[in-house]
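You will see chain A twice below: alongside chain B first, and alongside chain C after that.
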Partner chain A sequence: MTWSWQGDGTVILVAMLAGCACALVGSYLVLRRMSLMGDAISHAVLPGLVIAFLITHSRGIGAMLIGAVVVGILTALLTQMVARYGKVEEGAAMGVVFTILFAIGLVLIRRATDHVDLDPSCVLYGNIAHIYADAFHGTPVALKNLAIVFALNLVFVVAFYKELKVSAFDPGLSSTLGINANLMHYALMILVALTAVVSFEAVGSILVIAMLIVPPVTAYLLTDRLGIMLLLSVVFSGLAAVMSHLAVIAFPVWFNTPIQPDTSAMMTVFAGLFLAVAIVVAPRRGLASQAWQHMALRLQIRREDILGILYRFQEHLGDETAAAMPTEELRRIFGHGPLTSYALRSLRRRRLTVKIGGSSLALTEKGLHRAERLIRSHRLWETYVAQHSDLPLDHLHEPAERVEHFIGPRLETALREEVADPQADPHGRSIPSGHPEKND
Partner chain B sequence: MNLLSKQRRLPEAADQHHDPRAPISIHDMTVAYHRRPVLWDIDFAAEEGRLIGIVGPNGAGKSTLIKACLDLIPKASGSIRIYGKPYKKQRQLVGYVPQRESIDWEFPINALDVVTMGTYGKIPWCFPPRKKHRTAAYEALEKVGMAEYAHRQISRLSGGQQQRVFLARALVQDAQLYLMDEPFAGVDAATESAIIALLKDLKARGRTVLVVHHDLQTVKSYFDDVILLNMRIVASGPTATTFTEENLRKTYGGKLTLLVEAAEAIARGGQENR
Partner chain C sequence: MIRGPVMLLVLPALVTVGVIATATFGGDELRRVLSLADYNTRIVVLGTTLLGAAAGLIGTFTYLRKRAMVADALAHATLPGIAAAFLIVGQKEIVPLLVGGAIAGTLGVLCVMGLRRIPRIHEDAAIGIVLSVFFGIGLILKSAATQLSMGDQAGLDRFIYGTTAGLIKQDAWLIGMTAVLILLTVLLLFKEFRLLCFDAAYARSLGRRVRVLDLLMMALVVITTVVGLQAVGLILVIALLIIPAAAARFWTDDLATMTWLSVEFGAASGFVGALISGSYANLPAGAVIVICAGVLFFFSMGFAPERGAVFAWWRRYALRRRIGRQHVLRALAEHEERYGNLATLPLARLQQTRSWRASELRTLIYRCRAADELTIDPSDNIRLTPTGRVRAHRLLRNHRLWELYLIRYADVAPTHVDRDADQIEHVLPASITVELERLLAEKQTAIPASPHPMGDVS
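Here is the complex of A and B:
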């Protein structure tokens, strides 16, 4: 299939505008932990549309928008009422309200379709192909409407940035500052309803929900600044629109089929892909970063355990001068895996240990210092636990082995003060002296 | 049922019950959730420049009292004046520190952002905070010893640090009257003493502070006045004379069975158990 700026360009623009408009208001739904509200409103507006049509007998955008806004507000109000008087949680109340309103819409739509083509499946799935065709007879209506709604959302989010922020974060404080949190809530609901209705035509009501939630959640994972989150969610929506339509065009070639998938469906798939990538690579919260932190911690513990063994070996020999332990022996104790190898190498690189006679390892002065601190933490902990509980002596070592890696200078000082005689541990071994130092 | 009907008296008529010099005065206030009264007939007037503790058992309505003062929940009856005028006209004079648990700490903002929110009341709608507002916020963070964490996302702060951020936010509000909901809950010893130093400083500058508090051990050393609350005010006044064993027994011991029963009856909509 050949590229046409008029057709394909318009479709991409429509998808971008719909996605970005959704992302702007959807971000606040996600932040207010009411993502389901997008779902609720985008379904519940159906009866509003149908009733508006039945009254005006036209599919004029004005009447449709009024119908949608009225029902949108009604959804938010009814949800609060059902939650309060039905004494159920808000999620359940929302579920009750929007399904019933949607069903009423489905019933009414039968009555409407007697008169004109108001196609239920078009409401559900949208009809982006129509827009493609429309583009060749002047500017499609959907494009104009979406441009207006996107601009409206953008102005709202920028102009009321401070008010939206404080009312979403802390409604109580917001109201005491004179920024009515309820007012902001309903303003947001009205825009969600408007956005949903106008996006229907392009991407359909089911996919509107995805575009309201998925890009903002992706952005939320990647940043901890509100402004950047809004920006990223818009960028991801835009990218998803462009890439999805290109993929749609390429699809018949790749899979050798004459059938083209729907751009709006493809767009949701792309948004989902972005989210999947974000879940893996997100800083701090992402899987990769967590795995990395976990590995780094394991490596540090392994290094410290090796230092501990070397120290105890040296202590056992009673030799102040460096006692060397065969590397092979260390590998036997800690396993032959890559973690041990890497820990051994990084100990040498940090000049904490030194190789002696080719295959043995000894502590350097720096290494001895570090090991002393570790053993001190270990034995102080054992002493502390022994003095504060009557555990048998053989129960002390294991937990101390774990805790020793996490005792910082502050905790160490506190332990030293708690322990009556900080000279010897419960097993009678001496606790290395020295002062707690800053972790380096 | 007259008790629960919305106030019909003219506002001017209510003013005679209020001392215009009191930072906050509450006259005959009753608060109900779903018609079930949780606070009965509250009468209270604060003296300027005092630290006032609000103490009482769980479910006594301590947080409710504060929220009702701030119009965050509706009153069934009664009236409140802040320096002689209704709260709506005096918002600028009142600072609020909500409970730490009421907030989503995963929200994508840093400590400085949270403190800057304290200045929003002084900025017109749709205008962003300016440099002077951010500077004020930063100085407030310095004051609570949190300047080095200004740019840290708030979920990465400890409980005590989060509470300090909240206090810094109250400081930049620069209010005359502060209402604080359990600022000492779940904080470390260092934060506790930092908070109390801050409260003393506010007091020295003539501010009035109402604090919901649950550690009975420290009431005497922290507060000038105390309100002993259990659905109604059991006693209130200077801590030395009010915080007595007998009053505590009245507050904590023996349920106020009749109040609870009446509240149940009102909630059911019937008169009495038949």
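Here is the complex of A and C:
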């Protein structure tokens, strides 16, 4: 298929506008943990559309909008009512309300089929292919409407930035500041309904639901700041629009099939892909980053445990000079896995241990220092636990073994004061002296 | 609360009401439908009734486990599976499509559970993500099937919107088998499911495999959804999984009763809904079934004893009224304490003792007078009757005892005790009053003096 700015450009623009308009209001839905309100409203507006049609006998956008907004507010109100007066959990309340409204819509449609040309699947899928065709006969109406809704959402989000922020994160605080959180809630619901209805005809309700939730969640994984989250979610929506349409065009060529998927359906898939990538690579919260942190911690603990063993070996021999321990013995204790090998290598690289006689390992002075600190933490903790709990002697080692890696200089000083600076731990072994502040 | 054999009558009662309502309003083919003479009607009614029962049964547990909306994600997630199976098998063979749907639905549930474990993705977002992305993939596969002209799209659309009237014997069998499967599982694992719903942490501590149980529960939901799709469609099967259970919850606190009620509500909705839609032309059965369930839900929410909104509202109203009357009596008692018995208090001054609206106070006074607690003369002077005086003194005494208790044992400043005591005095039972007397070493009948200065109303 050949590229045409008029056709393809318009389709991309329409998809972008719909996606970005949804992402703006969707961010607040996600933050308020009401993502499914978008789902509920986009299904529940069906009876509103049909009633508006039955009254005005036209598919004009004005009547549709009024019908949708009224039912959208009704959905939010009923959900709140069922949750409050029926003490039904919020999610379930939503499920009860929107499915009933949807069913009413279906009945109305069927009863009115004689004089209505309204297809529920039009709401579900939208018809972005029509946009492509319409684009060659002047600017499509959907484009204009979507531009207006996007502008409206943008103005709302910018103008009420502070109010929305406070009421999303702390409704209690917002009340004390004189911001009516409930009013913000309903304003948001009106915008969700408006955005949904305007987008339906172009891109379908599934894309609306996807864009209300997926790009904001993606952005939320990547940042802690609301402004940046809004910006990112809009960027992701826009990017999804562009890439999905390009993919749709490329699809028949790449896979050598006559199949050409729908741009809006493809867009939900791209939004999902972005989210999947973010879940993996997000800084701090991403799976990769968490796995890396976990690995680094395990490595550090393994290194410290090796130092601890070397120290105890040396202490056992009663030898102040370097007592070497065979590497093979260390491997036997800590396992032959790559973690041990890497820990051993990195200990040597940091000059904490030194190789003696080709296959044995001893502490350097720096290593001794570090090991002393660890053993001090371990034995101070044992002493502390022995003094403050009824654990028997042979149960002290386990908790200390776990906690020793996380005792910093300040905690160590506090422990030392708490146990009145003893010379020996409960097992009678000496606690290495030294000043924690001096150590690196 | 509903319990015992009454429960057995719920379903017949609901069905009778439904049939009478249908008959009253009349339908085009009413008699034929009501007599179930038509083979097709029998199949459809049987199928939807069983589906309602099955969904109501498993829905009880997902509702209590607070997983109601997972059904939403799951129902949408079946589409890619159905479409993919259609593409692979290439014909509208029902079993492969259902298997495909079940696989994709299970995958969707697993995705929801996995996404929830990621920081910052909450339950609601996880559900929304899965339902929209899976459905998007499903739409792509579906349009592929259409464009490859592998058959009419209606075959797949059937699963999205459902065609109740098109139910055949095989479908009814499938639904029946699902219902039996769910029933057996629930009977076998009732104790486990109960534990899972009310205290999952405790279940884990008892060594129950919480995750396996959760998966099993969701698997049953998947099966129900998949067989329900072609009967009532994607959105409405969600409704059947949520609404009967939510409606049953209003009537009882007992799990077995609730489960039974939910089954009855689901079955009644299925039966009556199919009947109504069969009696009129142009009524989609799935939607009518859901509307029937909705009527049951809102009726339950309104009129169930104890948990219903109307009775709860009435109880709150009655309590407010009682408290208001007690406030009137206490104000009069304090007035008498100051100016001697038989002193009358003009209405205007009584009104200044509290933030009463004039109309509200007047209503309260009339109620007190009806209970022979006070008299009011034509110039609005109020005086306690002997009956009222006894009650008023008891109230005042409770109030003062509580104030003294707060001052002596809770270190509350004397200037702050009035309000606290004001709230508690209405609900002090006799046993606590006796305890207070003992603690404060007060005599049985005397009213202690106020521990704080009394504001005078002038």
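Quick note on the criterion: the second predicted complex is superposed on the first by the 423 of 440 C-alpha atoms of A that agree within 3 Å, B and C clash if a C-alpha of one lies under 4 Å from a C-alpha of the other, contacts with A are read in each partner's own complex, and residues count from 1 in each chain.
Here is the rule we use: a contact is a pair of C-beta atoms (placed from the backbone, for glycine too) under 8 Å apart; a residue touches a chain by one contact, two chains touch by 3 or more.
Here the structure is a predicted model, which is why all the values come from computation and not from measurement.
**Student:** Based on the shared chain A superposition, would you classify chain B and chain C as clashing or fitting together?
**Tutor:** Aligned through their shared chain, the two binders clash on chain A.
**Student:** Return first, second, both or neither, reflecting whether A:Arg33 touches chain B, chain C, both chains, or no partner chain.
**Tutor:** both
**Student:** So, A:Leu13: does it touch chain B (first), chain C (second), both, or neither?
**Tutor:** So A:Leu13 meets neither chain B nor chain C here.
**Student:** In the superposed model, which partner reaches more residues of chain A, chain B or chain C?
**Tutor:** C
**Student:** In the overlay, answer first, second, both or neither for which of chain B and chain C A:Ser175 touches.
**Tutor:** In the superposed model, A:Ser175 contacts chain B only, not chain C.
**Student:** Does chain B (first) or chain C (second) touch A:Val269, or do both, or does neither?
**Tutor:** A:Val269 contacts chain C only, not chain B.
**Student:** Looking at the overlay, does A:Leu226 come into contact with chain B only (first), chain C only (second), both, or neither?
**Tutor:** First partner only, chain B.
**Student:** Between chain B (first) and chain C (second), which, if any, makes contact with A:Ile51: first, second, both or neither?
**Tutor:** neither
**Student:** So in the superposed three-chain picture, is A:Ala159 touching just chain B, just chain C, both, or none of them (first/second/both/neither)?
**Tutor:** After superposing on A, A:Ala159 lies in contact with chain B but is clear of chain C.
**Student:** Chain B: which of 95-103, 167-175, 203-211 or 239-247 bumps into chain C?
**Tutor:** The listed stretch with clashing C-alpha atoms is 239-247.
**Student:** Between chain B and chain C, which residues of chain A are contacted by each of them?
**Tutor:** After superposing on chain A, chain A residues 33, 220 contact both chain B and chain C.
**Student:** Spell out the part of chain A that touches chain B in their complex, as residue ranges.
**Tutor:** Residues 31, 33, 84, 159-163, 165-166, 168-170, 172-173, 175-179, 220, 223-226, 228-229 of chain A touch chain B in their complex.
**Student:** Residue numbers of chain A touching chain C in their complex, please.
**Tutor:** Its residues touching chain C are 30, 33-36, 38-39, 43, 82, 85-89, 91-96, 99-100, 102-104, 106-107, 110-111, 113, 120-121, 124-125, 206-207, 209-210, 212-214, 217, 220-221, 258-262, 265-269, 271-272, 275, 279, 285, 287.
**Student:** Write out the stretch or stretches of chain C touching chain A in their complex.
**Tutor:** Counting only chain C, the residues touching chain A are 63, 66, 68-69, 71-72, 115, 118-125, 127-129, 131-133, 135-137, 139-140, 143-144, 147-148, 157, 160-161, 235-236, 238-239, 242-243, 246, 249-250, 282-284, 286-288, 290-291, 293-294, 297, 301, 307, 309, 312.
**Student:** Provide the residue numbers of chain B that touch chain A in the complex, in ascending order.
**Tutor:** 34, 67, 70-72, 91, 94, 96, 98, 102-104, 107-110, 113-114, 117, 120-121, 123, 125-129, 153, 169
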